[in-house]
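Read through the structures below before going on.
Each of the next two complexes has chain A plus one more chain, namely chain B in the first and chain C in the second.
Then we have the complex of A and B:
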């Protein structure tokens, strides 16, 4: 069973939907049942950050090995990560409308994540605009490492330094203080893990596709 | 005594506000929430089956490519 992790992804995701809807959650004003969005909105970001992180590792690998396979892995993981980021922004926007009152607020984390998406879109464009394969791989790799550092600054550090509507940022207590009780952890962590595995699965398909395309072009 | 009353009211207001929060308690029991769960699980499984079929097609192509070269 080489594909056990794909099966695990399916099991965890199905569980996160069933458990996410039916297991009891803390009663919170304003949030009401929408607290369940935590099981679906937040894992998008965890999956995105994980994919971008692994992509950065392949970029570092590419710089030392000059192996174009590593470059292909890096770009395809970013491609999938961007999809998760877009879904994260979209779901967050809907959630914000019904809890904070607007689709978009000037919250640091919102703007930070939007900037992060632009940084990674720029990575895709930059990589696509260079003809020479080795040069493309190297420049893209350097930029990708730089991009992940910026991601950490924009969605990891800055939101914690000023006031933010997001839990766990600024003066706002995190879910894990008292809101995220044990019941919620029971669904939240499997959901995060499931979506990360799902993201890796889609990336895996895209990487194999890119490798196949490369072989076809070589022949 | 005053403090005691204050604390009592505070506790009372907490317990009241907890009850006032509208949750889908009843909906889960008989409001057909299971239907929504079933629909979402169906969509998710449909997507996953699609992904598996793409995965398989790709594997076939990879095998063909291997025998060619």
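Then we have the complex of A and C:
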């Protein structure tokens, strides 16, 4: 059973989707039933940041070892992370329409996440524009480390220091302060875990594909 | 007043980008080899960074002068605006220097430089514009403190990252 974590990912996701729509939630003004989006919107970002973090670790490893396998792992993790980021923006946008009244506002948090997506897309473009493999691996690794630290600044620190509409930022209380009751925690934490495991699974498949392609090209 | 500030920063960004993208382009590979035998990569990136910062600050001041002559000066707190300019040029130079070092490794593709630098510049510029608007309205240190500290924070992060990461770019 070395693939137990894949089964766990599916079980957690099925549980969190069914539970997310059916289990009782606290009644909040303005939020109403849209509070259930917490089970989908927030885990996307957790999964994205986990993938980008692991990708950065592989980039650091690549800088010290010059192993091309680490480079392939880093890029595939970023590819999957970008998908999660786009989904996070999409779910957040729908949520914003029902609570703030607009799909997009010029908020620090929203701009920060959009800019982060642009930075990682630039990383993919940068990596695609260099021919030589060793050189590509090293330059992409440098940019990837740069990108992750900036991600922490743009999503994590900037919105907390200035005025933001987003819960948990700019003096607003986060959900865990008052309305993440025990019922919601029962679904929320499995959902976060499930999506992270799912992201790792998808990137694992992509890494294996990239390695096989490399082997085929070598022969 | 807000239009003045918006125009000012747009002009400054374009001028600064064109000025500092050259910083690694101008040197040939042989020249790099010569530098390599002379000093450490950290010394090179820091010297390039501070040179660019002074250059961009100079451009910003000339820009300000021309704006004052041609469009008059609507700003009420000039001293604080100078502080914003100082931090802004240091930050812009930090970002553009590292990015141009990366782009220099990719056959000096200038489109790539724009793609890489633009998203990283944005938060810095947005913060600088917000701080400039407050300066323009005559608010003092107490109200601008947060934005100026944010710019300082971004500067510290970017300069530290350039210092740590540049040696790896250098080696190839």
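Basically, the second predicted complex is superposed on the first by the 219 of 219 C-alpha atoms of A that agree within 3 Å, B and C clash if a C-alpha of one lies under 4 Å from a C-alpha of the other, contacts with A are read in each partner's own complex, and residues count from 1 in each chain.
As a working rule, contacts are C-beta pairs under 8 Å (C-beta built on N, C-alpha and C of every residue); 3 or more make two chains touch, one makes a residue touch a chain.
No experiment lies behind these values; they were computed from the predicted model shown.
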Joint occupancy of chain A by chain B and chain C, clash or fit: fit
First (chain B), second (chain C), both or neither touched by A:111: second
First (chain B), second (chain C), both or neither touched by A:13: first
Chain B versus chain C as contact partner of A:94, first or second or both or neither: neither
A:186 touches, of chain B and chain C: first, second, both or neither? neither
Touching partner for A:215 - first (chain B), second (chain C), both, neither: first
First, second, both or neither for A:129, with chain B first and chain C second: second
Contacts of A:22 with chain B and chain C, given as first, second, both or neither: first
Partner chain in contact with A:63 - chain B first, chain C second, else both or neither: second
Shortest span in Å between Cα atoms of chain B and of chain C, once chain A is used as the common reference: 32
Residue ranges of chain A in contact with chain B within the complex: 6, 10, 13-14, 17-18, 21-22, 25, 27-29, 32-33, 201-202, 205, 208-209, 212, 215-216, 219
Chain C residues touching chain A - in the complex, by the definition given at the top: 98, 102, 105-106, 109, 112, 115-116, 118-120, 122-123, 126-127, 146-147, 149-150, 153-154, 157, 161, 165, 168-169, 171-172
Touch list for chain B against partner chain A, complex: 17-18, 21-24, 28, 33-34, 36-37, 40-41, 44-45, 48, 51-52, 54-55, 58, 61-62, 65, 68-69
Interfacial residue positions of chain A with respect to chain C in the complex: 63, 111-112, 115, 118-119, 122, 125-126, 129-130, 134-135, 138-139, 141-143, 145-146, 149-150, 153-154, 157-158, 161-162
